Structure formats: structure tokens, C-alpha cells
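A, B, C, D, E and F label the chains in the order they appear, each numbered from 1.
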Amino acid sequence: MTTLLVVNVNTTRSVTDVIAAAARAAVSPGTTVVPLTPRFGPASVESNYESHLSAVGVLDAVQTYDGPFDAVVHAGFGEVGRDALQDVLTVPVVDITEAAAHTACLLGRTFGVVTSLDRAVPAIHDRLLLAGLAGRCSGVRSVDLPVLELETDPGLTAKAFTEEAARLVEEGAEVVVLGCAGMSGLHAALSAELEVPVVDGVAAAARLAESLVALGLSTSKARSYAAPRPKELRGWPFG
Amino acid sequence: MTTLLVVNVNTTRSVTDVIAAAARAAVSPGTTVVPLTPRFGPASVESNYESHLSAVGVLDAVQTYDGPFDAVVHAGFGEVGRDALQDVLTVPVVDITEAAAHTACLLGRTFGVVTSLDRAVPAIHDRLLLAGLAGRCSGVRSVDLPVLELETDPGLTAKAFTEEAARLVEEGAEVVVLGCAGMSGLHAALSAELEVPVVDGVAAAARLAESLVALGLSTSKARSYAAPRPKELRGWPFG
Amino acid sequence: MTTLLVVNVNTTRSVTDVIAAAARAAVSPGTTVVPLTPRFGPASVESNYESHLSAVGVLDAVQTYDGPFDAVVHAGFGEVGRDALQDVLTVPVVDITEAAAHTACLLGRTFGVVTSLDRAVPAIHDRLLLAGLAGRCSGVRSVDLPVLELETDPGLTAKAFTEEAARLVEEGAEVVVLGCAGMSGLHAALSAELEVPVVDGVAAAARLAESLVALGLSTSKARSYAAPRPKELRGWPFG
Amino acid sequence: MTTLLVVNVNTTRSVTDVIAAAARAAVSPGTTVVPLTPRFGPASVESNYESHLSAVGVLDAVQTYDGPFDAVVHAGFGEVGRDALQDVLTVPVVDITEAAAHTACLLGRTFGVVTSLDRAVPAIHDRLLLAGLAGRCSGVRSVDLPVLELETDPGLTAKAFTEEAARLVEEGAEVVVLGCAGMSGLHAALSAELEVPVVDGVAAAARLAESLVALGLSTSKARSYAAPRPKELRGWPFG
Amino acid sequence: MTTLLVVNVNTTRSVTDVIAAAARAAVSPGTTVVPLTPRFGPASVESNYESHLSAVGVLDAVQTYDGPFDAVVHAGFGEVGRDALQDVLTVPVVDITEAAAHTACLLGRTFGVVTSLDRAVPAIHDRLLLAGLAGRCSGVRSVDLPVLELETDPGLTAKAFTEEAARLVEEGAEVVVLGCAGMSGLHAALSAELEVPVVDGVAAAARLAESLVALGLSTSKARSYAAPRPKELRGWPFG
Amino acid sequence: MTTLLVVNVNTTRSVTDVIAAAARAAVSPGTTVVPLTPRFGPASVESNYESHLSAVGVLDAVQTYDGPFDAVVHAGFGEVGRDALQDVLTVPVVDITEAAAHTACLLGRTFGVVTSLDRAVPAIHDRLLLAGLAGRCSGVRSVDLPVLELETDPGLTAKAFTEEAARLVEEGAEVVVLGCAGMSGLHAALSAELEVPVVDGVAAAARLAESLVALGLSTSKARSYAAPRPKELRGWPFG
């Protein structure tokens, strides 16, 4: 029995629900998905500022979770904070941006990403650059819709994603990555329409996290993600 | 029920057996591993010349296999030919070099590779460069032992791998990748000794291949790996 | 009259004092340096975990400062969070890692960085990679002393920094960057000993921030650092 | 007297004839061009699959040639296998993709490549990446015509190549490389039309191979291209 | 009192005047700007040939200047020769191309450059590549007007620069760099029109040079810019 | 009949003689080598300063040569100025640094460079970076002997070059490039001793220049190397 914590980066429970469903659909029968929503932070994460607030909210959600778990999925596309979790945990931590990109690399020579707002585009590029995968990414495009409006008119959202994804394919993407957590519905429609594989980061990350556990692999504590030295944390209002 | 073809690149059956065991230990209960050995080709693959011969042997082995299968694992570390399989198949094809590298990237900021002969080092660098992952690799080292001598004196082999892997860690590797197919025994010893995660490409590839099948993902046929146009294959002595 | 907020990333006031002194020594007569210490966070920042906590502490310190100011210096070497400040402000924000690297590039073809703990080395590489300046960096070395012990035995600290900096120069660094906030005392000693320019990030950043103000330049709001969209910030315990 | 083996990658003799003519037109009076056509393999090479089959066909053609020779030209644009020949020979081996790119670099700051089918584009990018020359390539474009149809309507073919080459020049290419073996006729037309140098890989490779021989230079046997260790080649149906 | 030599690269005094005014507007009250015009060389620098002639003219202008000075600004955008000055001087030397790029990096994630003639575009790319900043540059565009015609019809020039700069912003530039010395008038108009920061290299370089002096920093003499060994300079007609 | 101008970058005629001999030994019977020595400039080129002076001396030597010629070899290793010649000529111009590097790439996967003074090392790296070939270079080492002392004690020089070249090979170089013009004597000794190909830039460049002429190829005038616009050259004391 493997237990995965799947942590939303925003405080909107309906988004957590979509993420949880996507993760559950992806894992093996023996794996339990425990969805977490941060106690504090922005309702949606669409800027560097909000990304940094969410990093701490995600840390808090994981650190105050009192049950056992075998791995963590950091379910913010293009967000920071995966490394902070790796420092304080000994189990694997999988970021959905990286999971999607690594998975896409197994399916085609290049991948493109479709995300929500245009301002998320540079942040996604930066995450891929740090992951060493920028060379495989043929482009990042946005539908220019805020995260929380994606659910307002599903038909319109699907149309917008399909259009941008089609442009990515025309420009050379062989695989499309959904650059936003919890868009599993879109996943099916896009793949049928575009005739290329479409990767959802939450599904990919959940499956990868489960696989790392099965393979007996965990985060290296050798250098970058060594446990922080014990020290005073002044004035911290959280657990 | 998922069936994985796991194809050795050389014609030595004892190596195929080790690879098969590693793959079986890595997959879920519902997955069947079918090991294949090429009908022709070199007894071990340790040069560009042999790598190219093996690419055709691997193709032949897969194309003449007459049962159903859901994915293929190309079990040659640092070898060419994964893309040829992707052209002619519609199921996922996972190369163990890439599988190991992608998996290692989820566990640490950098990884190092220990391989058999020194002359394999440049080829491994080239595979990682094409995979876009060279930037995450902190180094590739060899024990300078031929592939088929690795089994002769397991104690000596383990000692040599441990020494080179320890050097990689000193030089900044946070994760170690076993740069040779079927060294699963070494895997346990190395990880205990070095206190960093050690990734075996066969195990990683088998698990990733199974995961791609579970996620409903397959090779993109959009461009690089589109099916070859039908045409005459003159004088070809194989099936 | 130009006012610079110079924000320490840890909660240790003696470090803030050293940073403030370095900034004051660097700016023009007409510039006022206002040092800030976060209300909460770690006593020293030496991991990704602490870096993320400090990012929020720095945001809070700046957002709750109630006087006018013309620019901000983010005084954490190798830390995250500069971009979050750029999102919420309209004045220039200068990070000391980047300020030091850009300044070093004007003085020599390559620069090396000496930092405190070895585990900070990868984080510094990542900051330089994102800044596009990794190609100019010939190496990052650490003295392997915790930040708060650097002040314990100044002679020992100076000796350790000099030794590592000398190694960087032997390996090709033409300029040395002090990879830790507030080591101004070391600056003079190192430069005299090594006969290469030694750049202190706090001094460089303070001077650059002042210069941007004088040139009438500020952060672009065009894309990456556009103001966040107004939205609910649930359960946030800070101002 | 220098003898060059110029090996076609496909089994179509009319293509071999065009290649031979291009090579003969490029070399010095004292050099003899011996054209070779593989005994087996695809009628044209337009996929990774066919490229791998052709690599073995080219090896066979060279290894079964029973006369003396001083250098080999591998006349497949964007194809694999040059390194396999280097392993088994002691004379220079020149690949036409690389020869064209190196030559183009001497003539302008950037070069563009026009090739036959769109699916060849990624493979050409990969060859240039491995050759370290991707940074000099401003783009690769295709006329989207199969190799064997290029001869069907020479006027149409010339028009298509000229149009794509003109686009490359508009987009910044200062030199144009013909990305397909044996298009020497196009060479003259394109250069006259576009007023930029146009490089034919076969001509460039033949001349470079001859030059290496004249300079007394051959393939390094130090590491990557060392002779394979003697070993059993099981079930191999060829010479 | 700090004295900056600001050296024009061409022999046109009206251009020197504009450069001098831009530098004076940028520096602190206590800094004196001494503009220099080469005694010989081209009336405008718009090719590699002219750039090399100007490099020697700039060297001569600085070496024959007989007063004291604290730093030098090399005021040619995209031109060569900054390193030659660094060899023969002990004071800081700041190139306007690099100064503009480094400054732009502090203001946005990416910058674009607008220059005069199209043929200057590749040279600017090369300067940025050597400076290690090419990764931050989203594009270089030209108005395709010769340098000395920029002053002929200021309205037309402003319109052309605004159009190209707007295209750069559309394509992802968050900051615009004026890729030509002495276009300070355009600076104000562009910034107002485009709503992104616009960096003038002369202003940036003058301020940076002054800052380096204030920080007590100078060119490293460790390796690249060590003083040339004393030796005979045959037939040199200049001082 | 092909005529090559082979231009030394320094004003020392004995060096010109060695260069001329190397070029003559490399070209075909029908090719005439015309060696040129600049009328003015440094006795040896060992700094950025001297490199820039030599660039103008080389230009002058070529522009004042009054006979016909078919191509130019710029015989300064690691020096600037090749592009200036390309601007003003319509025949091919081949730089020995680039010629050596391109040639080495045809012989092995990586090459190393042995040069005279340590301070030349960064300049050589920069030339290779601009040529797009830095990725193929495994290292540059110096014997730390001034150019004009290389002839003083040939035995000592040969020993020093052999030692540094052997280190390059140990560190992964498969081919060695002589990083200094006119060391043809060393060429034979090194190659015999090290058992790897050794490339002399002058020989490689002379042969490549001749080949470009034979192939009917010349410098692209499309953009980077277009002819300079006619304009006044004020105060220029040369032809």
C-alpha cells in the first residue's frame, strides 16, 4: 500500500478536487491519493509573488499532515517550492511541471506547453531551464485566461486550449503538455483532436511518484537537498 | 494485463536473463516481461560499430516477435536505435539510458554515470546530449572492464563500480546511474555503500514503460517518429 | 535624495548590521540606506527550505515598511524571492547574487564565487543559470562553515576564504565574488592577498540600485513582473 | 593517386550515379572516386528506421569492397552511421552533413538547410547538435517531397528548393546547404537565384576527404573511434 | 572627483556631442565626462571592417590623452575593442553594449535590442554571446537606417525605432535596449510610448563606470587582460 | 592556377617563413602561396591589444597587395580580424583557428589545443565560442612560453608541447590542435609521440582555402560580411 500526498498550490478546494481525481485515475489500485489544500495562500497562483506564498503554504500543508505517506506530488504547474519539500522530507517529491516534461520526452522529440495566463510563460521556461529540459521544449503558449475562469465555460476553455495546442504542433511540438494543474477533462478532448500525445502533469507525477516508491528510490540527501541544519525559526506563526 | 518486450542489445543469453530479472523485479504484479535476445549481432556491444549492428538486431527481434505487446524497453545503455523502433511501432518505446537519466533527475539536482569501458563514455555523453539531459549530468566514469568480464569476478566488479561511483559523488553527483544493462546486483551494494540513490536503467525503463501504458500514452507520430513511407527493402535477408 | 531598503534574508540583527554598513559604504552621499530584518524566519538561510521561508519574510518586511523608498536590495546570496518583490513593487529590486555577477563581468572574463556551506553551491549555480550568467562563472567553492560561525573566528574565516578564492583563481577565475551577504571585512583582505578584484554583492547591489534610480529606470511590468491580479489571500497571518 | 569510396545510403543506383558525378566534379585530377551502392536496404532513406538499416548496408558495402582506398565519404544527408565506419577503418571518413556544415561555416556566420521531407528536419537538427554546429544553423526547411520524386519533375523541384531557400535567407541564413545527397543540378540554379553561397555536401565531403589524405590526417583511434575489441558476431548473414 | 573618458568610435563630432550629453546626464554631480573623438577612422561604424579600424582609433584616442582619468566608456554599440583597452589600462573600461545588457537584465527577464542597420544585428548577437548574455536577449531588430542618417529626420527615426521596439515587446522583450550610441532623445519617446523600460547604453555605461570607481574596483589583470609584454611595435605611425 | 595570400599577423619575417613553408607543404601542385608580413604592428601577438593592432596590419597587407589572388589565409591563432577581411574581399578568407578546429572535428569527437602563453587561452576559447565549436573542444592548455622564444630551444619547446598535449589526451582530447601559427616541425614529433592526429592550422587553412576556390565557393555577402558602405575614412595614414 502506497500513500501519495498530492498538494494543490492554491486554496481553492474545487481545484484540489480536480487534481485529486486526476491523480486517482492515474495510480495503481494499491495506491491511496491524499489530496491537500494549503491552509493559507492565494485562491489561484498566477505570479511569482503568489508562487512564493504558495511554496510556504504547501510546506505547511505537508509538514502539518499527521499521517504516514510515501511520496509527495507538488501540484503547481510552473511554481517554485519543490526543492524546499525535498530538503525536509526523506520520501520522493515530484513536481508536476517536471513530471510532465520528463514524460513528454519519452513520447516525442519535442514538446510544447499550453498554459493559462501569458505571464506564466516565462516562469514555465525558467522551471524547464533549471530542470535541464528547455532544449526539448519547442514552445510555451497561453490561452490568456485566469486559472479560476477556466472552469466557467468549459467549452470555451477547451476551444482555446485546442487552438493554442494546434499552433504548438504546427510549430514543431510532437507532444503537448497541459501547463496547468487539474485539466484532465481537456486532456481527452485535446488528444483526440490533435492526434498527438497530451500529457497531464498531475497524472504523470502521481504515476512517477508511485514508481519511485516501488523502485525503492528516494530524494538524494547528498548535497542540494540535505536536511537543513537545526536552527531557530523566529516568529514563525505556523506549525 | 500489460506485456513489455524487454530487448537485450547483445546476443549473450545470460545477459538477457539478468536484464529480464531486473525488469521483473521492477514492474507491477499485473505486468508480464518478455525478454528478447537478437538472433544476430555481437556478443557484447562496446563500440559505435557494434551499436549500429545491434540496432538492426533489436529491430529484427521486435519485428519478428509474433505475440501482442504493449510497450518495448530498449535495454542497451548508451546505444543507438531507440528511434528506429519508435518509427515502426505504435506502442511506447523506452530506452534505458534515457529512463535512468530522467528518473535520476527526479531524485537529485545532478547525476553521474558509471559504465564499463572507457570508450563508452563519449557515446553516453552523446545520448544524454540528444536527450537534452547533458546539463544535469555531472560526469561519466568507467571501470574499464569489458561487459562480458563484469560477471567473471563479481567482487572485483562491485569494488571497481563503488570506487568510480564514490569519485562521481565527490565530484558533485547527487545520484548515481548504473551505465550498463543488467547490473542489478551492484545496485543494492552501491546504494548502501554510497548513501545516494542508485538508478538501474532497466528497472527504471520497465516501470516507466508500464506507466506510459497505464496513462494511455504512446509515441507521437506527428513528425520525428511517423511511420516510414511504404517502400521496397532490397536484398534484406531478415524477416 | 534616494532611499534604498536593504533587506536581510535572515532574522539575525548582527548580520543586518554588517549588510547595512556595507551598503552605506557603497552608496553616494545623497543616498539613505534603510536596513530591514524580517519579523519571522530562520536565523540563517542555508537550504532551499530556509530560502523559501525567507522569501516570504522578506516580502513581509518590505510590504509592511511604511515609509517611502526608491529601490530595494535583496541581500541574500543565492536565495530565491527577488522576483516576488518585483511583482508587487514599481521601484527597482536588485538581488545581491545577480548584482555581484553582473559587476564581476565588467571586470574580468570569468568570475568565481566563494560561499559558506557546500550545500549552497548548487543553489548559487541555479541562480546564475537563471540569470543567464552561468557561462561567465568559472566555479563556485565553499569554505564549509555555517553562516553564523563566520563571525566566530574572523581570522580563521579570512584564512578559509582566502584559500578557496586562491584555488578559484588558479582554476581560471579572474574576479572573485563573495558568495555570502555582509562579508565586507573579508573583501579588503582578499583583494590585497589575491591581486584580483573582489566583489561584495551588497556593495554592488546598493550602488546598482542607486544607479537605476538615478537613470530613471525601474522594473518592467510588461510580462514576468506584472502586478498580480487582485484576489483573495486566504488565512494569511501577515500584514 | 588518392582513391575515395563514396557510399550512397540507399539502394537506388541512379542516386549513386548523381552522387558520383558530384564527387568527381569536386575532386582534384589525381583523385579517383569509387561509388558504392549498398547490396541491401531501402530504396530511399527518409526515417530513423531506414537510416539505421542503411547504416549497416553502408558498413557492408565498405567492408566487402576489396580494393585499396584512402578515405570514405558517407553520402547520406542527416543519416546515422558515420561513427561505425570510423571504428572499423583507419582512413578518414567524412559525412556529407557535417562536411556541408563545416564548409558553410567558413563562408558565412549562419547557414540554413533545405531538405526533402519535413520528417527529416529533426534528424538533421540532431546531427548538427552532435556535431556541435547547431548554433551556426539558422534553420532547416523542407520542400516536403520524397527523395525519389525529386527527379520526377526537375523544374518543380528546383522551384520548391528555391522558395524554401529564399525563406531561409530572409530569416537570416547567409549560406544555404543542400540537405539531400546528389542535388548538384540544383546547386547552380539556387546559387544564381539567391546570391548566397550554396553548399552541396557531397562535393564538400569529397574535397575534404581528399584534403585530409593530402595532409596525412586520419581518424583518431584514441577513444570514441578505437577499433572494436575482437569478438564473436553471431548469426550475421553478411560478409 | 571622478573623470570618465567617453570615447566615440567614429570620427563624427556631432555624434560625440550627443554621446557626451547622454553621459553627462547620467553621472553624479562630482563626475566629469571627457568626450573623445578618434583622430582617424570611419565617419560611422557599420561593418566588421570599420569596427576593427575604430578599435585602433579608440586605442589611439585614449593612449594619447594626456590628462588623468578614472575610467573609460567605450561608446560603440556592438563594436570590438573593449578588451584591447583593458589590456593597456589599469582603470575600469565599460563597453556600452555590455553595460546596456547588464542593466536591462536587472529590469526584466528578457531584453530586445533595436539598432540602425540590419547588418549590425549579427555583430550585436556575437557581442552578447561573448558577454554570456545571449540567453537573456529575446531578439535584435533594425530600422535599417544608416547611423549618420538617424539625425536627418528625427521624426522618421523615432517612428522607425518605436515600430521595431514595439515588435520586440510583442515577441517577448520586457526591456528595450537602444542599440546605437547617442540616441538619448529617442529614449524618452520610446519609453513613454511602449510602457517598458528603455536602456541607453551610454547612460548605463557612464553610470556603471562611475560606480566601479566608487566601489574601488578595476579590471582584473589576472589573465585575459594582463598588461601586454613589452615588445617592439614596428612601423606604427601613431603615438 | 590558384593563388593564396597567407598573411602572418606579426611583423617577424622568420615566423612568416615558417608559415609559408607549412602552407606550401599543404597545398596542391597547382597552388601558389604568397606569404605576407604586415608593414606595421607587434613583433608577436600575445594580447587582445596586439591582436587588434595586428587586425589592422593584416588588412593593410592584403589591401595593398597589388597582384591577383583567389583566397586569403589569416594566419594568427586565436586572433581577431578575419571578419574585417571578409567584409572588404569577395574571395574566401580562412582563419587558421577555425580551420584547425573544423578539421579536427572530422577526425575525432573532441579536440584539445596547445598554445604558447597562458593568457592566450581565454582568447582561443572566445574564438571557438563564436565559431560555434566550443562544445567540441575538451580543453586549451599552454606551455607558457612567449611566441618568439619557441624557436630559441626547439628541443625544450617540443618537450613542453608534448607534455601539455599528452595531458589534453589524458583529459579526453582525441585530436590535438597546434594553437600557434607555424609550428610545423612540432607537428610531426607530436603526432608520433601521442598517437593521435595533430592538426596544424596553417596547413589546414591553406588546404581548405584552396578547396573552397576549387568548389567555386566564396564568402557570403548576404548580411554579416556585406561590403561596407562607401564612406569617408578620416586621417587614416595607410593605403
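Worth pointing out:
As a convention for this text, a residue touches a chain if its C-beta (ideal position, glycine included) is under 8 Å from a C-beta of that chain, and two chains touch if they have at least 3 such contacts.
It should be emphasised that the depicted structure is a prediction, and the values quoted were computed from it without experimental measurement.
On superposing C-alpha atoms, the copy chain D sits rotated by 180° relative to chain F, to the nearest 5. Listed options D-F, E-F or C-E contain a single repeat of the B-D interface, assigned here to E-F, on the basis that more than half of the contact pairs agree by residue number. If you average the CA atoms of chain A and of chain F, the two centres end up 52 Å from each other. In this assembly, the C-alpha centroid of chain A lies 29 Å from the C-alpha centroid of chain C.
Between the CA-based centres of chain A and chain D the separation comes to 44 Å, rounded to the whole angstrom. Multi-chain contact residues, meaning those touching two or more other chains, occur in chain F at positions 109-110, 122, 126, 223-225. Interface residues of chain F facing chain D in the complex, by the touch rule stated above, are 26, 28, 92, 94, 98-99, 102-103, 105-110, 131-136, 169, 172-175, 195-197, 199, 203-204, 207-208, 211-212, 214-215, 217-225. Interface residues of chain B, counted against chain D in their complex, comprise 11, 39-44, 46-53, 55-56, 59, 80-81, 83-84, 86-88, 118-119, 121-123, 126, 129-130, 146, 223-226, 228-229, 231-238.
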